[in-house]
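Order of writing sets the labels: A, B and C. Residues in every chain begin at 1.
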Amino acid sequence: MNINFWLPLMVLATSLVSAIVIFIIPDERNILRGAFNLLAAIVKIAIVAGMIVGVYYQQEFETRFTLIGDIDFVLRADALSLLFAGLSSLLWLFTTIYAMGYLRGTPNRSRFFGFFSLCVASTMGIAMAGNLFTFLIFFEMLTLSTYPLVVHKGSKEALNSGRTYLIYTMAGGAVLLLGIAWLHSVVGAFDFAETGVLRDVDASFYPTLQIIFILLIAGLGVKAALVPLHGWLPKAMVAPAPVSALLHAVAVVKAGAFGIVRVIYNVYGVEFAASLQLLLPLAILASITIIYGSVQAIRQLDLKKRLAFSTVSQVSYIILGLALFGPIATVGGLVHLLHQGIMKVTLFFCAGLYAETIGVKKIADLSGAGQRMPLTSAAFTIGAFGMIGIPPTAGFVSKWYLGWGAMEAGAPWVLAVLLTSSALNAIYFLPIVHKLWFGKAPQQWPAEHIPFKRFETNPWLLWPAIITAAFSIGAGLLAAAGWSPLSWAELIAVREYLP
Amino acid sequence: MNLIPFLLVIPLAWALISLLLPRLPIGPIALLGMLVQSLATALLWRSVQLHGAERYAIGDWMAPLGITLVADGLTVTLLAITALIAMVCAFYALFYLRSHRHEARYFWPLFWFLLASLNGIWLAGDLFNLYVGLELVTFAAVGMVILSANRQTLAAGLRYLYMALLGSIGYLLGVALLYSAYGTLDMRQLAELIEPNWTTHVAMLSISLGLLVKTAIFPFHFWLPPAHGGALAPVSALLSALVVKSSFYILARLWLDVGADVLPVITAQGFGLIGACAIFYGGFKALQQDEIKMLVAYSTVAQLGYLMLVFPLAAGTAPEHSMLAWQGGMLHVLAHALAKSAMFLSVGTLVLAVGSKKIDALAGISTRIPLSLFAFGLAGVSLMGLPPSGGFNAKWLMLQSAIGSGQWHWVVVLSLGSLLTATYIFKVFRVSFDQQAIDSGKGLVKRAPWGMELSALFLAGLAIALGFAAALPVELLSLPEVESSLMEASQ
Amino acid sequence: MSANLWFALVGAGLIALAAFTFFVQTHLLRRIFAFNIMGSGVFLIMVGMAQHLRQTDPVPQALVLTGIVVAVSATALALLIFRRFYALSAAVTLTQDNDTLGDSYEQEPRQ
């Protein structure tokens, strides 16, 4: 057993062990907890970075042991898993910094950071799961570890949202389990493999495979917030801002989307899925979700709620890209997995900043906030432009590839969906940006918690937002560079389509 | 040297010591005894693992008049889980009984008698010894339920005793009929002789009814919640984890080992049906409880229902599906034993800490005694059948069996049952996260002794670990002797 | 009609009567009696039906002896608990009311 066996386990362990340690650290030992947490996050990034280099040079990283019968527990780092793992580990660091500032002086921090680390550990497990069984383990672990974060405030509203969240995700998990168990009884145990594993199944099983596909997508679609399974997401906005940022930008919805990627690419194989007539309905469902989410977002008056519906819409871009059945659309979908994460986390950071600094939660009250908080508003603007898809932000790259891929795949109607959605995005984001910069500031902010000193607000909260905003621009400007997310997504697509 | 008799002699010796010499520090002595007992169990386990099943005739008296003890793969697995859980419960009781001085006097002798009779059941090779074992288990268990000797526990104990005695009569009647028909009580011989005829059917029906009453399977469950919910925490843990399993064990052995050829499919489906009723009824009742221990007790009613699903999945199906169901069922026995004992122990700590048994009294405890709540949560994960846990692996195997044999109705039951479990587990969590209760000064608690918190956490951790190490007991289940009887079961 | 069948029939009759009593009566003492009579019925069947195989089969005799010991112990335990229960509640039947556990039961002092 060499280092390649242990590395995937170590990535998991960095956040799993830190979760346990953090649970034990008493609530008032802030510095100790913070230092430990950041150290773990940095170590994790280092290991993931090492594996990214390794995978680029065709190294194998795999942890495997038998669980029960013919089922193995497999953690494996391939190009796709590192896309997600890289995103999560990077954003874990920034969200942790942000959360440390955000929660200063509030009770139950050990509980919060402990479950936060557990949540990241589950995300890492989802990223690196080498078969559906392992995936399911971490998928359910994610459900359980996010519940305490959703109800963290412990208010009646939070507890009720927690219940809604559980009803959706537990039911989704049960459906997913059913699909996985059924699939296992049809084809036995198998690992994720490039270009899929089900092609050789006897043709008499095709109807069964179609039903199983629907079960799997339905189970995963709850977390990916596919309409009509998205109901939990806006309600979960009651959670603290760092939770909204991580959960809705990265962990939960992306876990669902990522699972759908795995099912289409590494279980069914994209060509086989297409031949079973499964991709077009999925593309249509994703399109409906995109439009519906955007329309709902326009109707929201609360900033976080608007962002939540925007997430509903944006995550389906990923699924749309996959379902189009073409290498370029695939690149667009995969790269959006990363781009959307960075941009949306920026937006949620900013939403939290407005609420914490000047007590603004409603969009109507944001007027003139750009003068009071210029850096925050700049970050917000970048994120919003990214969501609309204005160059040179990362969002533009995603949409460009999606549109190009749609043309290449012979589905021009998708272009219409993309354009409509972009227009809707503009409708619900541009007025906010306009209000921020050109609106008239009120005499008195609703509740000014943090005075304007050297920075406009608490730097612990500000810097993560600025850095992720910078990433959103960087990922767009430097998309052609060899190590950009786009290049990585192209690497995955090449490996999937050219076996 | 044959280790089998030691597994009975050790607990009986310790029972006598703690009964006759109460002035000694019997708590710590009991812990020592548990270590010895665990060691003997571990050695026997290893020996069976290496050399296959063992038999032992007490005093060299052969059957039919003598008593033969048998240790096969299933037996040693159950012996091991019994020793493990009993040891942790004994450790927990050391701390718990400090606040129940009077109960401590009789707790320890009964504890040891219970252990001896449980081991007697696991090891018994013939039907009559099983009967004696069942009765002894009942006496010890009832004695432990009424330890606190107030009106409610006495009533619960009486109800328990009466139902258990009724069950024993049913069992004994069936045994009498089987003996008159086949002239033997040895299970191995009986397996070869038994034929589907009226006597057999009546006998098996009588035995089954008796055992269903003792296992508290719906609709005979009503005695269980007050007994398990009202007893002291370590007692509830032992009762829910092990005692109800003993009668289920006999039922499973009889039907799937001995009477596999005579079990009509309709009976098996009927067993599954009452199991499904138990799952849903127990789940709904658990959800309605406002006392935490009653919630956990009704959860036992529901979880026992899953065990009944083994019958329709294992009887009359293809060998591989039958095997999966059997493995899943036995894994569920182990997983539920670990998870439920952990849950009762953690609940005992919580009740002691907040000074009330109401669920509402747990408001905001998530930061006050996190370890116990965490143990409760981990145990809950296993009960809900979420991965990774022993409960999940059991559910997975049963699902595989049900899907493979095309019995989709049981797939539905398994899936919905888990969701129902989640609702009542999270009912507790919802309360525990209530921040308003913390702010309003509620949720102030006494510190719980560390030993109690750790005991529960340890067992809950094992329930989760079983999710990773399930291959070990499953392998033991397919040791030669069990395998051969399974082959019969599936033919 | 052979002797063993007589034993069995009488035993079955006893069991039926006693089971009826066990379910119909609520008085706890009567139910203990019913249990004992049921036990006797089973013992009759046990010694009776096994006779036809050989002249005298020692196994059922041994079983019944053991069974009687168990039944006596069970009766003793039931009586003991009943006495204590009666002393505390002055009730001779189990009602639903006895089973509802009050919040204070763990603190309740023992008599």
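The rule is simple: contacts are C-beta pairs under 8 Å (C-beta built on N, C-alpha and C of every residue); 3 or more make two chains touch, one makes a residue touch a chain.
Quantities reported herein were computed from a predicted structural model and do not represent experimental measurements.
Visitor: Work through the pairs of chains, note which ones touch, and then classify the graph as line, ring, star, complete or other.
Guide: line
Visitor: Tally the contacting C-beta pairs at the A-B interface and at the B-C interface, and name the larger one.
Guide: By the number of C-beta pairs in contact, the winner is B-C.
Visitor: Centroid of subunit A to centroid of subunit C, CA atoms only: how many Å?
Guide: Comparing mean C-alpha positions, subunit C is 65 Å from subunit A.
Visitor: If you average the CA atoms of subunit A and of subunit B, how far apart do the two points sit, in angstrom?
Guide: Their C-alpha centroids are separated by 43 Å.
Visitor: Using Cα averages as centroids, what's the distance between subunit B and subunit C in whole Å?
Guide: Computed value for the inter-centroid distance: 25 Å.
Visitor: Considering the complex alone, what residue numbers of subunit B touch subunit C?
Guide: Residues of subunit B touching subunit C: 64-65, 102, 128, 131-132, 135, 138-139, 142-143, 146, 148-159, 161-162, 165-166, 168-169, 172-173, 176-177, 179-180, 183, 185, 226, 229-230, 291, 294, 351, 356-358.
Visitor: Per the contact definition, I'd like the list of subunit B residues that touch subunit A in the complex.
Guide: Those in contact with subunit A are residues 364, 366-367, 370, 374, 377, 381, 386-388, 393, 396-397, 399-400, 403-404, 411, 415-416, 418-419, 422, 426, 429-430, 433-438, 467-468, 470-471, 474.
Visitor: Residue numbers of subunit A touching subunit B in their complex, please.
Guide: Per the stated touch rule, the residues are 23, 27, 66-69, 73, 107-108, 111, 133, 136-137, 140-141, 143-144, 147-148, 151-156, 158-159, 162-163, 166, 170-171, 173-174, 177-178, 181-182, 184-185.
Visitor: Under the definition above, what is the set of subunit C residues touching subunit B in their complex?
Guide: The contact residues of subunit C facing subunit B are 15, 22, 28, 31, 35, 38-39, 42, 45-46, 49-50, 53, 57-60, 62-63, 66-67, 70, 73-74, 77-78, 81-82, 84-85, 88-89, 94, 98-103, 105-106, 108, 110-111.
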